[in-house]
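In this document, chain identifiers A, B and C correspond to the written order of the chains, with residue numbering beginning at 1 in each.
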Amino acid sequence: MMKINYGYQITLNDLSNLEIDIFICANNNEARKYCLFDKIKRNNFIKKSISLYYNNVFDSRNDLEYKQIKKHTEVERILDDEIKACKKEELTIIVDYSCMTKSWYYTILLYLSNSDNAFKKINCYLSYTPSRFSLPLAPKPNSDISPLPGKIIMPNNRPKALILGLGYEENKAQGIIDQIDPAKIFLLYSKPTIDKRFTEAIEINNANVINDFEETTYTYDFSSLLDIENKLRAIYYKYNTEYNIIISPIGPKPFTLVSMILSIIFPEIEIWRIGSGEDINPYPREPFNEDHFIICEIVYKQNQIT
Amino acid sequence: MNKIKLAVVSDLHCHPSTEKNPSTHLFTDLLRDDVNLHPVASLIEYHQDFLKDEHSNVDYLLCPGDVTNFSNLQGFISGWDYVQEISKMFQATFTYATLGNHDIDSRHKNSKYFQKIPKGIKKGYPIADEEIGTFWEKGYTFIEKDNLQLLIVNSTHYHTHHEESESPTIKGEISQSAIHEIDRYLHDKNDNSKIKIMMCHHHPIQQSEMNLGPYDFIENGEELMFVLAKYNFDLVIHGHKHYPKLKKYETDNGKSIPVLSAGSFSATNQISFTSKFNYIHIIEITKDTNQAKGVIKTPNYKYQVGWKNNSEGFDFLTGFGANKTSAELIISIQEIMTNTDVIDWNEICETLPDLRHIMPQELEEIKTSLRMVGCSLSFDDSNYPETIYNNKLLRERRNGSKFSK
Amino acid sequence: MAVNFQNSFNARNLDPKEIAKNFIYSQSFDVLKNKCHTVILGARGCGKTTLMKMLTLPALYNWDYIGAHKFIEDIPFYAIYIPTDISWLYKDFALNDTKIDKKIIDLVSKFSVNTNIFESVCDTFLNVITHEFNNDDSLLDAEISLSLILIDLLKLDFDIAPRLESIKENLRYRRNIINQNLSKLIYNNNYDFEYFDFLHLNYIDVLPLILDHFKRIFEPKKNSWALCFDELEFAPIWLKKQLYTLLRSTDQRILFKLSSSPILPKEVDEVLKGDAGASLGNDFEIIKMWDTNSQSSNEFSKKLIDSLLKKKNIRVRAKDYFGSNFRYLDGLETYTTDSEYLSQIKSLATKDISFREYLINKNIDPQNPIPTDKVQLASVFRKIKPIVYYRNYFIKDNTSTKISYSINKKYIELYSGYEVLIGITDGNPRWLIGLINSILNRSDLHKADTNIQYDEVERTSNRFINFINNTPYHKQGSKISIIEFIERVGDFFKESLLGKVFNPEPYSSFTYDSNIMDFTEIIEKGLLQGAFILLDEGDENFDFELNNKRFRLSYMYSHQFKLPLRTGKEIKVDKIISDNITVPNLFNYDEN
């Protein structure tokens, strides 16, 4: 098994002159889906580029291989096939998770951490293309409030501390609070963010829940993965001895990514999702800026202790 | 017998909160309304709660450098004020610092001369004027007290100028001539009854973790260590790495010196997804018949949690200077446990005082060996051993006791 | 700080000492302490967890009640509290969603439950030692002896310190080992799962031995132990089946106290109905945390309100503090011409032609509606009282072909007052405490203004409705969602009460027959969350089935659907939900 050794937030310029074994992104109707791919393919050597889709393929490109994913476990199978074919000491993989559903990129992270392989080191780059602001649509009813699949944690008798990363659709936050019934609740939302309208929408649409839990509401810098990490760690360290920590990221994906990574570093952290199944709101998601990416490099190394 | 107590506060990296990419929890403009967000305010509270009954005053406060961050002027001024505030809290008689790579303006951002700012801080920085000696001139100085011989090295002495493109975490350095002078000095003033400590910023020996680079140790550091070992130095303290570590350095002349890489007092994690906390070290050293033994307490600080006694990242309670090896101690403990079913760790330390002065690795060896002979340990809240149980003997005795079937 | 229903009173997250501080003694608690197996049923927030936790020693010893000491002496067992929660449910789903072999899943599921039980047992032992023994060296010896036995029986690592805290820590560590094993198993096809011998431990076999050893070593005051399994609706099916089977057990050392939602899954129901099934009355007692005639739940609510007022140093009587809502007072109305009620009758009769016709049919003069005799008083006047008030309040004119309604933004008179506050939360402590505390936070020491009461009733009702609406529900195909179901039922009842034709017995409850239309999941979820209240006859022969049972909406929906706090006539729910019936929107404006 491999362990996340460390990570850095990097810029697009750092993604150059690399030999990339696998590039994975998602295919849907969002405009930003290939922004990163189109940028990096020119000055990097990418051996395999895969575009994952759920029901429909929305485009047709020669430089991508399209693979359908109906269930998150199929992502494991794809990684199994691609990674086992790679006979190297060091693997480099880039994941553009901008358009991915949570279970897909969580599966990738968990897979890299838990699967046996012969690599001494895995360099995994996770990239997100922020989108322009679009008005929040009326929320769809909750059909599913449950842990993200892929990780099993045996329940124990301790009370729960819920950390909610707020999004800008109403009622999601309240839904999970009611369902989980935690002993402690922490709310985090992005401020500053790339467009202040996002923050305003979050504050308006979550006014009730922010008011109820004002004392344990914090903000984070949307563009700083380290800031997100520090905020989450602070809560974790304070409460993890007495509480089961659950993070439910229902807002921006960089927050979700950092939450997921921390749940791998601290195996007792659970990630929960709130979904409306296939009945989701379609947002156009134009890229905010063609050169603006939030990229995280994480390095996995073989775990010395078994 | 000589005895001293000292506190080590290292790598504050103080700077204003308006700086992009914050590197510290200890901003120059940080309010104290929430104590757990302020490392110094939290330390004061911790000091009142935990240390007040333990004779918490120290004789010396040592600061191995990087008071400020990238030579930030306000960071330097406020950072040194914070150090002095901590010193006052501990009622330290003397406070000594050395320069770190962040304390000098080698890129001439704020001044034309790389040592202009550190020399202008005054207020006893880095050493009181009357004791500064050859620090500025030669990059080192000696502080002589009745019970202490302290060598303070400025490993940034040669960091005069660097281009923008160069990394600031470049090597420390001490010149061969300086080492030669130190050798001569120590030859002339070789009083082994004194507790002998060397403090510097960069690590004098090579170590590499987390891809930080194994290259920023002190050039000629090994030679310096050789000289220190020759004159039976008792402890070396350095900063820079932010990762606390205590280990013995074996020199070529067959001697060993404990080296404490001090944890950072307040620097934040600049590398993601690594568990790094902040630390302060409180060290009590006794020296009898030329043998120094130390006990180190290292509370750690976590943002929003405050200072706590736990052993995350570094054992809260550790030591150095044990005469006996861990193997010898294991044999002694096993002999005691032959006819003992339950004994408190403190009690066994009275019989084997060297147990208080073992390093973290040695303690791990003892724990493992106890398990192998059918003993178990319980631990206190700081994860330090509390009680040893001889499970094997307890089972045997239980069968004949009133509690047996 | 704003009162929110999370921190208002959630027994799940309070430790027993804190529960004891706010505990209101009730008859249910008396029943629970009996030396027999007990099943306690009710919706979320109804107080089951509070009762269970109150049985534990830390709660009992911190109970500030004049009879507490005697109660502690009388209670014939030590309670071992074993919580479950929603994680249990999802852990099982998650396991079944992987490629892991079913045998391993079952093993791991049982391991998980057993480990939690053993941990709870250790906690209980520590509580007994702390509260009932003097701390001296012999106590330490005894704990060490017991711990060594536990290390053997629970197959723990031989090199752990023989102390109960170390045992607990080791049990926690085991969970981590299994978590890691499962991760490896999920992501590696060739990984062989490690079948540790502790995976096969079974509390049914091991626990009696452990308890016997405790008794031998410590000689405690009590000889019995009660395993208090809380919130079993979240437990795996195999555990539920096992526990309901164990209700037949006659081993007096171990009693079972089970708490659950009122409806059991089919598999468990089959166990109870089987030949070896435990029977109510003979093998176990039942406590229903709801009440058909609302008497005992109202009594509980009154006591709870009194305690909240006392905490705020309000010395006024609750009824005086909140004022009475005369619409809910029985026996005090007069039937003289100048009485409030008869004025209401007259007023309604002038604007509601259907009501006037009703009175005439009953030989009552609409302009002088005095009851002629006691029979008429009871069968007509008392019976239609809330209907009259509500129709008179909401109807503007019903004398022409089209009915029109008054535009009222607030219904203060209808939803304020002591009687409303007692009844509106259906005796659910969590919502009641939240509601009353919200009112008290905005009121002074002498009186709670009816405006404020109404605002908080509305806010609490909306919060409750939001809570129900947020309940995840998988809408299958063209079936309706839980929100749609409730809206159709509520609108139907509203129409029945406030529609064009006066109805002296409007519908306000429904029965369910799964053979006609399957709403099982909706009703189960609704019952668990408290959206629906089960109306049984108070019969001890409770059969846990949904079919042919009668339900009503929680009174927390009264505000939304403009209904009185009263249970009325029933109708089969399929008649409401079937596609043929369209329910008009009676109020054509945005009321919010």
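Please note the rule applied: contacts are C-beta pairs under 8 Å (C-beta built on N, C-alpha and C of every residue); 3 or more make two chains touch, one makes a residue touch a chain.
Because the structure is predicted, anything quoted here is derived from the model rather than measured.
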Task: Pair joined by the larger number of C-beta contacts - A-B, A-C - done: A-C
Open item on the list: With centres defined from CA atoms, tell me which chain sits nearest the overall protein centre.
Closed with: A
Task: Distance between chain centroids, defined by C-alpha means - chain B, chain C (Å) - done: 57
Task: Separation of mean Cα positions, chain B and chain A [Å, integer] - done: 39
Task: chain A-chain C separation of Cα centroids, rounded to whole Å - done: 37
Task: Residue ranges of chain B touching chain A (in the complex, touch as defined) - done: 210-211, 268-275, 302-305
Open item on the list: Which stretch or stretches of chain A touch chain C in the complex?
Closed with: 1, 73, 76, 80, 110-111, 114-116, 141-147, 149-157, 159-160, 171, 174-175, 177-183, 185, 211-215, 244, 267-268, 270, 274, 277
Open item on the list: Which residues of chain C touch chain B once you look at their complex with the stated criterion?
Closed with: 140-142, 144-146, 148, 151, 158-163, 165-166, 216-217
Task: chain B - residues contacting chain C, complex - done: 342, 371, 374-378, 387, 389, 391, 394-395, 398, 401, 403-405
Open item on the list: Applying the document's contact rule, which stretches of chain C touch chain A when the two form their complex?
Closed with: 1-2, 4, 6, 10, 12-13, 82-88, 90-91, 93-95, 97-99, 108, 111-112, 115-116, 119-120, 172, 175-176, 178-180, 182-184, 186-191, 466-467, 469-475, 481, 483
